[in-house]
Amino acid sequence: MNKRHFLYLDLLGIIGAIFFAVLCGFIIIFFVSEEPNAAIASFVLGPFSSPFNISTILNKATPLIFTGLALAVVFQTNIFSMGAEGQLYVGGFVGALAATYIHGLPATIHILVILIFALAGGAIFGFIPGYLKANWNANEVVTTLMLNYVAIISTSYLINNVFKDPESGGFARMPFFDKDILLGKISGTFPVHYGIFIAAAAVVFVYMMLYKTRLGYEMRLVGQNIDFARYGGIKTRRIIILSVMISGALAGLGGIIELMGVHGTYKDSFSINLGFDGIIIALLARNNPIAVLLAALFYAYLQVGGQVMQAESDVSRELAVIIQVLLVLFVSAQAVFNYLKQRSIMKNKSGNISGDKAVKANVV
Amino acid sequence: GGNKSSGDKGGGNGDGDGKSGGKLSVGYYVNATLGDKSFFDSVKRGVDKAEKELGYEVKTIEGGTNQGDWHAGIESMVSSGKYDVILVGTSQTVEMVDELAQKYPDQKFIFFDDVVDQPNVYSMTYSQSEGSFLAGAFAGLVTINEELEGANPEKVIGFVGGMDIPIINDFKSGYEQGAHYVDKDIKVVSSIIGNFADAPKAKELTLSQINSQNADVVYQVAAAAGLGVLEAANEKGVYSIGVDSNQNDIHPGSVLTSMMKNLDSSTFRALEMFQGGELPFGTHEELGVKEEGVGLAQDDLYNEHVPQSIRDQMEDITKKLADGEIEVKSTLK
Amino acid sequence: MAALLEMKNIHKVYPNGTVANRGVNLEVHEGEIHALVGENGAGKSTLMKILFGLETPTEGEVIFKGQKVHFHGPRDAISQGLGMVHQHFMLAPSLTVSENIVLGDEPRKGFLHLFRDRKKEKEEIQELIRRFGFKLNPEELVESISVGQKQRVEILKVLYRGAKLIILDEPTAVLTPQETDELFDSIKSLVDQNYTIIFITHKLREVMEISNRITVLKAGKTIETLFTKNTNQEEISRLMVGRDVLFRVEKQEKEPEDTILELRDVSVKNEKGLKLLNSVSFKIRGGEILGIAGVEGNGQRELVEVITGLTKASSGQVLYLNENILGKSIGDIRSMRIGHIPEDRQTTGACLTSTIEENLILDIYNDPQFRTGPFLNKKKLKEFARNYIRMYDVRTDSELALAGSLSGGNLQKVVIAREMAKNPKLLIAAQPTRGVDIGAIEFIHQEIIKKRDEGTAVLLVSAELSEIISLSDRIGVLYNGELVALLNNAEELTEQEIGYYMLGIKRAVEEVAAHE
Amino acid sequence: MWSSLWSQIIDLSIVVILLRSTTPILLASLGGLISDVTGVTNIGLEGLMLVSAFTSIAIGSVTGYWSIGVVSGVIICVLLSYAMGFFHLKMKVDIIITGFAVNMFGSSVTIFLMSKFFDATGSFNPSGLDKIPVVNIPLIKDISILGKIFSGHSLMVWIGLLCVGFVFIMLYRTPYGVHLRAIGESPQAAGSLGIPVRRLQYSALAWSGVFVGLAGSFMSMGMTGMFVKDMTAGTGFLALAVVLLGNRNPIGILIGSLIFGFAKALETLLQTIPNSPIPSQFVQMLPYVVTILALVVYAVRKQGRQIDSLSEASTGPASAVAPK
């Protein structure tokens, strides 16, 4: 049973899952829509129907890649942080401050400074639940959920009362960033902003960190078996704190890149659920950074599909969301994949029950 | 208010060469979801009326609450080339529409609730502070009124807002100005829910305003969550003021009036003018009390439940506002 | 005697492709004690899980009381009078002893029998405990009782359900000799009451002592079924392992070298301030094995943990090469050439969900030699892992296999390989052969002796008295957290003698003092 | 401003608000508790509550009986919980994904059905609704203090408190409850004794549905008489926090919910003080900050007991000895 074979089975499973989900979606749409065919077509094919839509997928995937990575990192350390949403806000906010109030730097350096601020903001905000977890074993689900509120509400206070651009009208935002520090678009007809490349770099970075460095080894060991890690002399508290901070840094980076790529300034409540969607993406990807990339693209594809369907047919926004939900459920149904793998193993084995593993092992 | 024209009358393409052959089509992009029972719904009513009465082909797209989606959402409507005119609004999308209007100079936009200064955009804004001034004056008259059963002698009125953000604070400021215009001593108790959905919390806050601060009339500016405010006032036998659309019939006799942004009628009016080819693109109209862009809902229920004395005084104040005799300060400018 | 149970031609392929049984035959007679032996991974537990309805066989049939049976789950098996004590504890830690025993079969009362009858439960449990003479407090939480007590709870679970055929999967692996004796008494009394026992163990001494017949499994196949009285340990082990096994470790006399480890008045307290280790002092020199005997729970764990830095001492000094290492971090201590084979390989000694390679590199990943720039040098690490897998004869397909997929003996080899790889000056081995088969025991013992001969100081903690006696140069006994004896391992020292110290009946403080 | 706050604490307004705002959290977290006890962490509380809130008011207003409404809300929630069970237990979808899916589903499906059946967008506000009744206790209601504390609460407030006892008895006094707890601790152990692990996990999810269903119906037919889209506004997540904070037992849940309810009540009072100098956002943060503090105090105390006993080690003779 080699890896490639499993990959092939995974793909088969995913295709099967999508097929079933689409079938389910079709049945639903069939009942509520006058034009089910058009609706389905626009959902499935719509996202690829124009360079504009494709670029929308990429732009939507960008922040999701960051939050997905952020959560993959903590999950690998077996910390169930739900804090990406709050960290994203704090990181985005701090980065935006750097973007707005630091002047006189050459654009590239300025961008770097902004990214570092955002990273630091997210990391420092991540430090809180990490510290509470490492030192007092305070349940991270609770602390991160609550800190999300704290982050969202307090950034909202600051943007509305302290850092508001007087020009911003009914909804507060900071002054617009200088044009030269925005993440440019690839082209007018294909308006993908450069954030996607930073996201791809982050994927590589996280992958290398997790699987090729000492830190990654330590983080994964802490995640797999903290007693063993402690016995091995790994400073588990430090690793826990570090892991949540790295996660926060990634989420914060996601925040500022969303602001520099899409919004052009800090806007009050700019993220709705990017951090929570990241949880789903990390879990879909089983915390593998490379798979996070794919899962985020898939998720963005679903969202764009829903939007296109809403725009091009009589199916409402809510139904589009329900169909997305079904797709996510089907695609993450482990049972399907397990079944496929097991059947394939059994087929290979049953022929030669006596052609055995233990004996082969003896030879090694 | 006033009618500040900042450009020449741009061409409406009312000659019927609509892109979907014969019928004119309008695309309405909601940068939120529908169902707030107020703002966006009100525009929707105007659009729907245009569909029925003017024969428009209408497509409404709900962009959801994620701001990151909106730019792409609007642009995909524009780039689809399906719509003769696109209807979109709020200050949160000003820059997006500004950019898109430049990028697609042939696309016409009707923009509500803020201003986009481009030759292919017609903007209309509503003076919520003027409207809220009326609500505040009304509340002030109610709380000192002796005829109304639910009104108590204390000069306390309530305000419940969705979030502590500039637009809501503009409502609040107008409301306070109105109340103080009636009586300097009126105290305004103000509470903020923190979102626009938590109706139970809105109700709880209102109950507390009524029970512990003796507020006897409460003004809600909290979209759907505000229904909790109206219910609390009704339960307690005191009064409330609805917002954005006419909510008087939700609890007749308790919701005495509503501060309406007449987005429906102005939307309909704009679409009607567009059809006639006379919509002045490149201009901006501010619709205040005078233009009837905002005002209190003075329907039969209002006439039935509001004492004559208050109605008379409100008429007087409305007139003064329209004449510019009273100036309302907006916190947004 | 008629066959109570027959298992014919059983095959089992696990979903992940492991073939655990490949044609096993087993015949058990009523009223006998039937021992099932075989190397780690031979398929004993699998066979029993099939019998108990926890796994479905891929092929083969089970005949019970002359009838072909198909157990769809433990419930079926239990209702037919089967009971099983599993190899690993099957207990819910936060429930009480009594709740664990009656779990799934509680006395009920009240409306629709919806409620627990706690009074009846208490009576029944007390009656049960009295009848079988177990020392247990039914009200205690399982998480706070000792391993031996847990094993008794497991057995009571089976007895409570009135099982007549009882499967015991390595029940003695974690028991002290005394506890084992007690257990054997209970088992014998059960057989007298016409119970039937299937008994799995790696300790051939026990097999010889208690069983009537023995079935030997090897690589998933039945090799032979023997009458105990017609065979001996040598024959059984030859059948199991396929070669002769040495039972007595060959050990040369060796002159000890300089002191490597010295403990001075080391004490450890728990959360409640109770002293778990009370003023313990001793020295170990290079080339010497100090064996620590004692009934489990008398401070052995704390002793090991305090030296390795896993637990903090409340007072005293731990001198390693004349340096006080108390208060140093675990990592620092590990990097000082102190090897530690922990008693619990499932949770502490290995990470079952990581690969074998990842388990092996626990120390050396920090070594700059295994890095290129900021990154780990995967190639060198792989080479290292393969090397040690070969040197220690770990039976596996690949260094990338999960540690959890190894049998107990092989997993222990991984732990030992890792700890030996650092070429320790001090080796702390806690229960190094618990639950591993005789072939592996022989290997592990040889490795420990080899290190000692190379000049390593070895602290051996074991509940297995025979192991202590056969390996140690000197023997200390822990009782109630105190080192009550420190003896030279001479010919005349008997297990009995040590047993007295272990039970606190005798003290040899003078000898301890004299030694200092 | 403080005097005004104080007077409300004195006149027990705070108790009334406390009980009202505690109830939905309490019920929802009891639901969360039961499935959590079996090792199935239900993150879908929010979505389940929304569905129940909508269903009960929809059916309640159509039939004219609050009881039928509440029961239908509960039934729908139980069914949805079974669906969660199907996806998680049978199809092996991660429970967190399942939970988030239910949340998204709940939000969307209620809006969709609302527009389908009542042609209402965003909110449904039936007139003449038969709400869950208020319990006025005769005699006691006229005694000032007792009356305020014990009388005039919604029936669901009492049901919520009764449910704490019910869950306690179920978990600790019935074999069924012991089985549930055993499954959460060690599914293998339970399975090896023939306890049908899967089936009991389904049943725990169903119980989850029952309590969350009650919580949802209270929001739409007790606290208010309306359904507003997304009206739960995070209550489900607060309940989840309470589940984890409450140390997995019903009494802990009650205490946790009361802490939350208290923070919410305090927020309400602080928000309605005229000319309060505290920015509204800080007041809104109160419940969340209080939770974090409660958790930290709880965790530190737990840890503290261990640290105390070890502190001697760091100051004791051992550390005084300098390494040679």
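Letters A, B, C and D mark the chains as written, and numbering starts fresh at 1 in each.
Note that in this section a residue touches a chain if its C-beta (ideal position, glycine included) is under 8 Å from a C-beta of that chain, and two chains touch if they have at least 3 such contacts.
By chain, with names taken from UniProt: A, D = ABC transporter permease; C = Heme ABC transporter ATP-binding protein.
Please read these numbers as outputs of a predicted model, since none were measured by experiment.
The fewest steps needed to get from chain A to chain C, moving only between touching chains, is 1.
One inter-chain figure worth recording: chain C and chain D are separated by 45 Å, centre to centre, where each centre is the mean of the chain's CA atoms. The distance from the centre of chain A to the centre of chain D, each centre being the mean of the chain's C-alpha atoms, comes to 28 Å. Chain geometry summary: the mean Cα position of chain B and that of chain C are 75 Å apart.
Mean C-alpha positions place chain B and chain D at a centre distance of 36 Å. For chain B, residues touching at least two other chains, in rising order: 33, 164, 194. Chain contacts: chain C has no residue touching two or more partner chains.
Of all residues in chain A, those that touch two or more other chains are 153, 156-157, 160, 316-317, 338. Chains that are in contact with each other form these pairs: A-B, A-C, A-D, B-D, C-D.
Within the complex formed with chain A, the residues of chain D that make contact are 87, 90-94, 96-98, 100-101, 104-105, 107-109, 111-112, 115, 234, 237, 240-241, 244-245, 279, 281-282, 284-285, 288-289, 291-292, 295-296, 299-300, 302-303. Chain contact summary for the complex, chain C toward chain D: residues 52, 54, 73-78, 84, 86, 89-95, 99-100, 103-106, 108, 114-116, 157, 269-273, 312-317, 319, 322-327.
Those residues of chain D that touch chain B in the shared complex are 4, 7-8, 13, 17, 20-21, 24, 111, 114-115, 120-123, 125, 219, 223-226, 228-231, 233-234, 264, 268-269, 271-274, 279-281, 284. Per the touch definition, chain B reaches chain A in the complex via residues 33, 59, 61-62, 64-69, 71-73, 75-77, 79-80, 90-92, 94-95, 103, 113-114, 163-167, 170, 194, 332.
For chain A in complex with chain C, the residues that touch the partner chain are 1, 208, 212-214, 217, 220-221, 224-225, 227-235, 338, 342, 345-346, 348-350, 353-354, 356-362, 364.
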